[in-house]
Amino acid sequence: MGKIEKDATSLGTLKPTMSSDLIVQVKKGEPAQELSYQEAIREALREEMIRDEKVFLLGEDIAKHGGAFGVTRTLFDQFGPERVRNTPISENTIAGAATGAALVGMRPVAEIMFVDFSGLAMDQICNQAAKLRFMTGGQCKVPWVLRMAQGGGAGKSTAAQHSQSLEVWYAQIPGLKVVMPSTPYDAKGLMKAAIRDDNPVIYLEQKFLYPFRGLVPDKDYIVPLSKCDIKRTGSDVTVVASGYMVWHAMKAAQQFESEGISVEVVDVCTISPLDEETIGSSASKTGRVVLVAEACRSYGPTGEWGMLVMERAFEYLQAPVVRVTGRNSPVPFADSIENGVWPDTEDVVKAIEKVMSY
Amino acid sequence: MDIDKSTLLEMYRRMVRIREFELTATDLFKRGQVKGAIHTYLGQEASGVGICMALRKDDLIAGTHRSHGHNIAKGANPKKMFAEILGKETGYCKGRGGSMHIAAFETGSLGALAVVGAGIPIAVGAALGFKMQGQKRVAVPFTGDAGSNTGNWHEGVNMASSWDLPVVFALENNHYGVSTNIKYTTKIEDLSIRAQSYGIPGVRVDGFDVIAVYEAAVDAVERARSGKGPTLLVTESYRLDGHYAGEPQVYRTKEEVEEYWKKDPIPRFRKHLMSNNIASENDLDGIEKEIKKEMVEAVKFAKESPQPDPDTAFDYIYA
Amino acid sequence: MGKIEKDATSLGTLKPTMSSDLIVQVKKGEPAQELSYQEAIREALREEMIRDEKVFLLGEDIAKHGGAFGVTRTLFDQFGPERVRNTPISENTIAGAATGAALVGMRPVAEIMFVDFSGLAMDQICNQAAKLRFMTGGQCKVPWVLRMAQGGGAGKSTAAQHSQSLEVWYAQIPGLKVVMPSTPYDAKGLMKAAIRDDNPVIYLEQKFLYPFRGLVPDKDYIVPLSKCDIKRTGSDVTVVASGYMVWHAMKAAQQFESEGISVEVVDVCTISPLDEETIGSSASKTGRVVLVAEACRSYGPTGEWGMLVMERAFEYLQAPVVRVTGRNSPVPFADSIENGVWPDTEDVVKAIEKVMSY
Amino acid sequence: MDIDKSTLLEMYRRMVRIREFELTATDLFKRGQVKGAIHTYLGQEASGVGICMALRKDDLIAGTHRSHGHNIAKGANPKKMFAEILGKETGYCKGRGGSMHIAAFETGSLGALAVVGAGIPIAVGAALGFKMQGQKRVAVPFTGDAGSNTGNWHEGVNMASSWDLPVVFALENNHYGVSTNIKYTTKIEDLSIRAQSYGIPGVRVDGFDVIAVYEAAVDAVERARSGKGPTLLVTESYRLDGHYAGEPQVYRTKEEVEEYWKKDPIPRFRKHLMSNNIASENDLDGIEKEIKKEMVEAVKFAKESPQPDPDTAFDYIYA
């Protein structure tokens, strides 16, 4: 099975839309290989399953079929049906069963195919898993990871029930950690950190990013949870973004280089708990801030980030913070109106121009 | 049961229309002209048609991700369906929904809902609405075998049964949920047993046999319409294509699929119509030709139709 | 059955903790009567059920029992079991059945006892009801109201699974309207507007407020959806709040009167779609803003409100916006730690002092 | 089944402990000393005790909003329970949970979950964990009659059955979900029929008869422990108190409740123990006295214990 086949998703073979040179996270000379985002997730799962026999996977069609996007492909052959478990279509029970197994010593990595379907599982995720440790006064812990594909993409239109970005549903709930990797490097490192973490971690995979490739170190490493990552340092303007939006931010940043405008890009790779410090200092340093998120505008993640800038960097602000977000709309099917539902590089460029010219 | 000739021929017509629609859609898909996935109904034509032909136009069906067939069975127009799956303003949903969300209220399809099980509570509510308004209408939510493992399914059947609502729960056992054979996710083989949990009749029929399906559906619909409450109707057939067009099917053998092609409901029904002198080979060929022409025209219509105007992007979010 | 008994809730008889004089919404001489918040909801339901026979109620134990908080008490006796329907414990199906009934011409008012349980119903609410009109290209509409009790209160500790404020879950989803009345007047008027509206409306009842009393006009009136309501005009500082928090804001405002500080209180009685205009103008006018919400701080509603002030009033701001919110924690049971989990008047006072002294 | 004397006496002790705990808690509640609601287990003691006595200490139960009884039946200490329902740092959950969330991992109670049905998926997952780790432990989620209408219940029983997990689904039919008699929300009277939907045994026993419950539970637990998969165990009893202490019960008659008091499982078991010469009146009086003393001490302990230190408000949110 060749590389390209591994990268095929259930909804067609995808091609990355940006150059991987935009983000380099491996030092020159460090032993590394190029992996796609989805391969990076897969390798993290594989390595953790080898390292710790308590780690296992459960979800719909993750076994032979490899999941809707092929992320778990080959793992069933390697680890067998006990540790790579197909479940019935029962999202709430998948999440709840992960909790139960975690309570008795396992370290489950559950999958809900699309974050959209997690509306069925919010009770087990947000009311049970997130709160069990607290409600029992620390008698237990719930070390699981819940993988969900989110956002637009998948190469093709998937319309209103397969395209949402819902990180805020989870970020609003104390007790959960929420991560959203933007690169193969982060995808692997955050997955390893998530699996080793003793809390329930919501791991949001970006459909747009599955085919994106990048260098990933050969060595065992983690990307710590709870930190933002500065993907590019700059001094004139801060762009705060997460997931696929980081790439638009990076591309926009690159375009401003020639104009002598230095853009810092802060990747909110852990959405919650939020690393307020990094966002606050960057904003204080540059005094100009753009926020980018794929989720719907109203009550989306940019609200929190913007308020945070207000709290931590108000006196340094030289312009009002500008945000670039998904449209306040269900995601439509037709191209003509799907185009424009999510931010693109040009939107970020315009926003940077706006804060620079204030 | 005595079924009149025009009904039988209409059944045949709709089965063929579904078949041709799906083959045409698959062809368009493979040539990269359809965005998004399509989930075809190949092999299940007798199930949808047998059930929907037992319904009145003002009865309502609720669909799933795999509802091209349900819509056509209920009378939908292939033009507006192709337009929809190509994302055109002339589509049933004005290009907002696409293949997985085709609704056609004008023919009694309240919508294809792509979250497995989601149509059930909605159909139950529609039936409640019928009952409260004294309308003698029936609601039919379709679910797959795998869909019957969802919480929605249990809650919906229970609510409908405790209120004696006019619902026929159509459970189409095509033996797979994506890649997973139902035997791995459900311990029982005969899913109609589940009706007993709700004190309602459970009926299981050969889903390749449109007449058997139709007869069982007529009974269930009659029961619902007369206020006696819901029925669970399980049709046994097979998903002859992959989960979606182009899906590699690594989880089952070619032989298994070929075995099931032998049960193809369309030649079987064709034979029945001919051997019972209901229609001649010529008649049936005529229908097929007519439908093929319909498809060509429908695709042409869809292709020539405009996409939604970007200025209308915010339409229909709120009433 | 006397007034006091009507006001009893399932969790004990409650007493309002603030004087109703703080908010007066009925003009002198206008025919009106004093109702509690829960009576106001009930009377709205009653009047709408009389006005339109398509209106009916469904939910768990709403019939003879009158619901967990007695809101629907007496309606069963008046309208009978067809129109006041006890359901099985099936939250997702309650929401979905409301949608189905709405699609065929009914106007259901569904109840999920506590917003906390709506984690079970998010799919039907957010993926189906909210999107059906859009996904079908306007072929249908979904005119329902979903009542849910939210927040702390109920007179007593109800701990982590009966005390949350989750308006953001819904406010993030286009297609839904979300309202959160703070007074008996608004409770009645918003309920009538919600029932007459052709969209799915999430109606969040404040447990703390059930026993609060206030004048409600005798005449038929509605409070329009999609507007913030200025509960008190002022010129020095704007306090944006919703639900029970409005009362803390009003009390705090009153305390500043003697000091000659004029506080404007903007009640976000419709959380979504958000009336950006009213918040923006008030913030521009006063230049100092405090935001108050009972929900958890991170990714709660104050983020959106704050970002909005940033977008609409940045150049008028004389101090960074300050927010007062629920603690980032599941709600604990014991008094000693439950106290302090939600904002109180003193917290609002301190926040006002902070923005005034910047 | 031959049940040894010490087991029988321990059953009696636990039943009386539950009864006294609930009466004491109700008394405290009525005097305004308990914050929050309490949902008592009066009338259902034989059900919880019969089931939990069939378990090993390292087997796990998952509770509901009504789980004082389940916890005590599984061996919980009334001191730590009273401390919990008074919101004290010495409570099982350090005052974070209260009456509706008592967990006692030390005795095999993974927690009372106040969202109806929520314990089911969790118990199923625990059983999966047992199986995967080769531990011969069993998980028992308790649900009420009304709880068996939730989607959670269907999904959980289905998953456990398709994986042959060591679960005993305890379904306690006390005939009410808050104010609603189960006959209004479920069409069938014998809920154990629902087992057939999952290809597992369904057993229905008199839930007032602790020995009948125990015997059925022993079989079900043995089946689970030996890898044969889950059982649905329905116990039929009655909720003798309101839904919560002080609840007005406008939806049922005093007569109905009084009729059921005649079936009170405690005097019945007492009579059985005496007439079979397993214990004398004196022995049993002794147990009751002992338990009453235990309660007085437990309440004293709870009252004298401190509330959580406000500085610890952020503890236990994250591990």
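In this document, chain identifiers A, B, C and D correspond to the written order of the chains, with residue numbering beginning at 1 in each.
Note that a contact is a pair of C-beta atoms (placed from the backbone, for glycine too) under 8 Å apart; a residue touches a chain by one contact, two chains touch by 3 or more.
Quick caveat: nothing in here was measured; it's all calculated off a predicted structure.
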Problem set entry | Set of chains whose contacts include both subunit C and subunit A | B, D
For this session: Taking each chain's centre as the mean of its C-alpha atoms, give the chain farthest from subunit A.
Result: D
Problem set entry | subunit A-subunit D separation of Cα centroids, rounded to whole Å | 41
Problem set entry | Separation of subunit C from subunit D, taking each centre as the mean of its C-alpha atoms, in whole Å | 36
For this session: Just give me the whole-number Å value for how far the CA centre of subunit B lies from that of subunit D.
Result: 45
Seminar exercise, completed: Expected list for subunit C, residues touching two or more other chains, is 87-88, 90, 92-93, 116-117, 119-120, 123-124, 127, 134-135, 159-161, 174-175, 273, 328-330, 332
Seminar exercise, completed: So subunit D residues touching two or more other chains come to 93, 95-97, 101, 113, 115, 149-152, 155, 158, 162, 184-186, 317
For this session: Assign the assembly's chain-to-chain touch graph to one of these shapes: line, ring, star, complete, other.
Result: complete
Problem set entry | Touching residues on subunit D, where the partner in the complex is subunit B | 149-155, 158, 161-162, 184-188, 193-194, 196-200
For this session: Sort out for me which residues of subunit C touch subunit D in the complex.
Result: 10-12, 60-61, 63-65, 68, 86-90, 92-93, 116-117, 119-120, 156-162, 327-330, 332-337, 339-341
Exercise. What residues of subunit C sit close enough to touch subunit A in their complex?
Worked result: 92, 116-120, 122-127, 130-131, 134-135, 159-161, 166, 168-169, 171-175, 272-274, 295-296, 298-311, 314-315, 317, 319-323, 328-330, 332
For this session: Within their complex, state which residues of subunit C touch subunit B.
Result: 56, 82-83, 87-88, 90, 92-106, 108, 123-124, 127-128, 132-143, 174-175, 177, 198-199, 273
Seminar exercise, completed: subunit D contacts subunit A in the complex at 60, 62, 91-97, 101, 103-105, 110-111, 113, 115, 118, 120-130, 132-133, 135, 137, 139, 151-152, 155-156, 158-159, 162, 315-319
